[in-house]
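Here come two complexes built around subunit A, the first alongside subunit B, the second alongside subunit C.
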Partner chain A sequence: MATQHSRAAARLMNAPAVFVLLVWMLIPLCMTIYFSFMDYRPLRGVADCCVGFQNYERFITSSSFLSSVATTLIMVGGILAITVIGGVLLALLLDQPIWGQGIVRILVIAPFFVMPTVSALVWKNMFMNPVNGLFAYLWKFFGATPIDWLSELPLFSIIWIVSWQWLPFATLILLTAVQSLSSEQLEASEMDGAGALSRFTYIILPHLGRAITVVILIQTIFLLSIFAEIFVTTNGAFGTRTLTYLVYQRVLESQNIGLGSAGGILAVILANIVAIFLMRIVGKNLDN
Partner chain B sequence: MGRITLDKVSKSFGEVNVIPPLDLTIEDGEFVVFVGPSGCGKSTLLRLIAGLEDVSGGQIRIDSQDATTTPPAKRGLAMVFQSYALYPHMSVRKNIAFPLKMAGMDQAEQEKRVDYAAKVLNLADYIDRRPGQLSGGQRQRVAIGRAIVREPSAFLFDEPLSNLDAALRVNMRLEISELHNNLKTTMIYVTHDQVEAMTMADKIVVLQAGVIEQVGSPLELYQTPRNLFVAGFIGSPKMNFFSGQEAAKHDAATIGVRPEHLDVSTSEGLWKAKVGVAEHLGSDTFLYVHPEGVETLEDTVTVRVDGEMALRHGDEVWLTPQDGKIHRFDGAGLRIA
Partner chain C sequence: MARAVTTQRKVIATAAAWTIGIAIFFPILWTVLTSFKTEAQAIADPPVWFGFDWTLENYEVVQERSNYFRFLMNSVIIAVGSTVLGLLIAIPSAWSMAFVPGKRTKDVLMWMLSTKMLPAVGVLFPIVLIARFLDLYDTHILLIVVLMLMNLPIIIWMLYTYFKEIPVDILEAARMDGASLRSEIIYVLTPMALPGIASTMLLNIILAWNEAFWTLNLTTTKAAPLTAFIASYSSPEGLFYAKLSAASTMAIAPILIMGWFSQKQLVRGLTFGAVK
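And then the complex of A and B:
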């Protein structure tokens, strides 16, 4: 791959893909930026160009902005915590030789194949419904008052639903990492006098560091844009309005494309700030 | 102290019987080498002693204490693994200190012992590096350092040199022998390389299919191998075996002559042969000759001759075994005294 000729050929063959990617990314981004500086409300027939930073100012100063940022961070953080901790434990469990290992592993991965809208609906109607849900029956069985999950604990419920969907992903990646740990290292630490807990903290966990980093980075990218789960469960009510959802409301419910676009650009900037922080904190793990 | 006794120890994995009941005593301070071909159960035997595998039967005693069911960490043994098994995310210092930290030793004592081990093993310059930044030989020394600091009653080595290149292997062989001389601690060393066994051991245990074929000092094994297997396994290049009429002349089913005990002449001798490949090492030359009119167990006979001897492919030579250097074996492959 090092000759002048092959490098030129490689560049030529890459070109179409790079071009499509640029068009795909740059045109929507540029249009969003363009709209964000417009007073654009199609249903009222308003399309005034160039109102400056007015949309940004309105978006940021509105009372829902800060709370939506906080909600987003709590949601993403909660889901990350549950999936990473649960994923590590499940991976350790699945690494043990058990009867029917193949089927168990497929079952564990299954939730990942369920579409977000479907899984949110299933959770909402079959588990969390205060009258007919399975949890309600469970609570009544023990003589307790059923909880109306989606209005009493809405944020927690959504975190739980999304965690259920992403746990398989974390488990899968962490399981392959657990399996790649050399058994001689574990045996060596056993001979060195490390008990089960010390083996976990000193040998297994550091070994999983890189895999955990990958899980956190990939999940954060996808979790910042959670939408379907909120849409079908709470519709953004009860303090579950994330930044993504706020942008959606501005554009479609208020029919204010200019304001929504400004929010979208702000979301992109915030996501990048989060990404930079994440890379700083965990990116070290990807070195060496 | 480190006297290890195996009493009728056996091991089977499911239906497969890897080690039939076996007795062995390893004296305190001895350097014992388990040697045998791949899959002979030598590593399994070591892991049984370490406690990394459970025995299927019999008893393991360490310093006359029953240790059969004692967990590995409590047996007072330290092991050096084939892959070194260093902890990649810890510095050399932390690697070496790990067993001490697990034992809850205080910080000052830990540092003292780590510094001592680093000095003994010439690791002081790399003490803050990670294993990934070290060469094979250095990693090997870190693994040994981690074993030393625990001051174990015996060291267990599981083919520790097989990942090193030839020159380094010779070096490390010397270093480990030197270490044994200094520490005077029991060492059990597993290898498939009979050169390592011959050069390092006080006592060699030759294993085949989980059975001990012979136990003895390197020279005992070389001079009086108990059976055909040991005779063929110990010594490099390996012993030549003759059967049929030539063996019958010595009242044996098979006779064996080592390559260094065959005299070569271009004019006269006992057995006629044609030279095949000649390997010139400088000091010696190994000739692989095709004997004519003599029954042998293998196609070629190996002869070790002086390095100056100029023989070529296709030359005709005569071989004569030296007096008193012929090993005789009966029909069952056992040595005839």
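And then the complex of A and C:
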């Protein structure tokens, strides 16, 4: 039905978006690739072009790289485990007939809208502070010695804070998926004598499979670049330096642009591996 | 068909859901409560719950000392500016792809989504460099443009899924009734597209408001929004709980309220239409 004329118009309408995204993606990325092959340290006045793969070599072989990858994996994995398992359980609970469901939903979703710097600071100071934090009171109340969360269990503390922010997201998406499950199917299985556990394993969980995958992939994209939560709590100390944070420190704090850019490209490659899987799933959805 | 539910089961489920709901919401509630306490009450042992002398002093101090309204205005300008600019570019784009789909429309959409996957830290230095070179570092324009580009794929995708749902038949019907392209757009399409545009706008204001990588790294003082305002409470001011709470409450209140209204769109927007 679309005429030649309307096709040309459509292309024109789409052009600005394609153009700005192309520029946004290509120019900075090419610059980073270029810098990654340079010995570029502005503070020392060093700017030698073309040192080959030296930066990559140095970045990968430095001890901080492997530990930052490990930290990233533990952090992302921990947060995913907490939010997905918690999200499934919470979604099933909220799907039950309860009084005041709307209000509970509002309470549960709230942390997602709290800006990262606020949630990190509130948890850090008002809850995890070893002297005046609420957890310290709780520990003292039960006769235990208060824990200095962010220096004794720094990685766990950050996982906890970020999970609090993302649990609502997982819950909301999984709840949407749970609610699309036909109750007839559940009823039929119930009549056939399926218990609660087997109903969960054989009907609910497979139905949620796609939503869980989407939650995992989207969260991974965002979680790989966690920044503010680390920035205001530990500043990368005590083994909480993720790959993103390591690159940030190399580039902006120690101003070793070449090394940092090499790290940045590695981060891009890692993120793309995850992205490919996400795109496949979203792409499939586009067909139907 | 609704399943028969025993009252007992409903009571248990309600109790469990409310307990968990309140536990999850508790840090926010505690922050809001603490913001009305004096500093001494804020760190009282044992903690005081509601029986304290409510005061607005913290809010006044925060405003006076760190000029909250300037940061608030920066947040509003950046969040609204980037969203409006994004919509201006995204509406024609999503429109054309939804109503005049070509062979490569799907590829273009996927490619746009892929730009969202680029980790910000990978392009941090070039962006800083370009910003300095153009003399735009720490300006509203820079942040509006950067955040717009960050969220543009999400805006286009959301609009696309909304526009896709507008039945094309209705256009043909209008055309047969002799409607011109102009009246078609004004009287038929716009009213049907508006709800989708509105919720896209809402979600993107929220995302831009809370963005904390570029806003922290591309601003110092002039254009710094609320994310940076709060980060400045990192230490040692963060130990003044009542003031930290007042500052935090002011930073999250506007967006929390907007967020509650956009729950449903959130699912759709952030999953790129994969979960509806």
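Keep in mind that, in the parts below, the second predicted complex is superposed on the first by the 263 of 288 C-alpha atoms of A that agree within 3 Å, B and C clash if a C-alpha of one lies under 4 Å from a C-alpha of the other, contacts with A are read in each partner's own complex, and residues count from 1 in each chain.
The criterion applied here is as follows: a residue touches a chain if its C-beta (ideal position, glycine included) is under 8 Å from a C-beta of that chain, and two chains touch if they have at least 3 such contacts.
Keep in mind the model is a prediction, meaning the values are calculated, not measured.
Novice: Return fit or clash for subunit B versus subunit C, each positioned on subunit A through the superposition.
Specialist: After superposition on subunit A, subunit B vs subunit C: fit, no clash.
Novice: What angle, rounded to a multiple of 10°, is defined by the Cα centres of subunit B, subunit A and subunit C, with the middle one as vertex?
Specialist: That angle rounds to 80 degrees.
Novice: According to the stated criteria, A:Gly143 is in contact with first (subunit B), second (subunit C), both, or neither; which is it?
Specialist: neither
Novice: With both structures fitted on chain A, tell me whether subunit B or subunit C touches more of subunit A's residues.
Specialist: With both complexes superposed on chain A, more residues of subunit A are touched by C.
Novice: Just subunit B (first), just subunit C (second), both, or neither: which does A:Gly52 touch?
Specialist: Neither partner.
Novice: Between subunit B and subunit C, whom does A:Pro168 touch in the aligned arrangement: first, second, both, or neither?
Specialist: In the superposition, A:Pro168 touches subunit C alone.
Novice: For A:Pro111, select first, second, both or neither according to whether it touches subunit B, subunit C, the two together, or no partner.
Specialist: second
Novice: Does the superposition put A:Glu187 against subunit B (first), subunit C (second), both, or neither?
Specialist: Touch status of A:Glu187: both partners.
Novice: Between subunit B and subunit C, report the minimum C-alpha distance in the superposition, expressed in whole angstrom.
Specialist: It comes out at 5 Å between the closest C-alpha atoms.
Novice: Residues on subunit A in contact with subunit B in one complex and with subunit C in the other?
Specialist: 184, 187
Novice: In the complex, go through subunit A and note every residue touching subunit C.
Specialist: It comes out as residues 2, 6-7, 9-11, 13-14, 16-18, 20-21, 24-25, 27-29, 31-32, 35, 90, 93-94, 96-101, 103-119, 121-127, 129, 132, 134, 137, 140-141, 164, 167-169, 172-173, 176-177, 183-184, 186-187, 210-211, 214, 218, 221, 224-225, 227-228, 231-232, 244, 247-248, 251-252, 257, 260-261, 264-265, 267-268, 271-272, 274-275, 278-279, 281-283, 285-286.
Novice: Could you please specify the touching residues of subunit C with respect to subunit A in the complex?
Specialist: Residues of subunit C touching subunit A: 1-3, 5, 9-10, 13-14, 16-18, 20-22, 24-25, 27-28, 30-31, 34, 43, 45-47, 89-90, 92-93, 95-97, 99-100, 102, 106, 108-110, 112-130, 149, 152-153, 156, 206, 209-210, 212-213, 216-217, 226-228, 230-231, 233-234, 238-239, 241, 244-245, 248, 251-252, 255-256, 258-260, 263, 266-267, 270-276.
Novice: Which residues of subunit A touch subunit B once you look at their complex with the stated criterion?
Specialist: Residues 182, 184-185, 187-194, 198, 202-203, 206-207, 209, 288 of subunit A touch subunit B in their complex.
Novice: Sort out for me which residues of subunit B touch subunit A in the complex.
Specialist: Against subunit A, the touching part of subunit B is residues 50-52, 71-73, 77-79, 81-83, 85-90, 98-99, 102-103, 130, 132, 146, 150.
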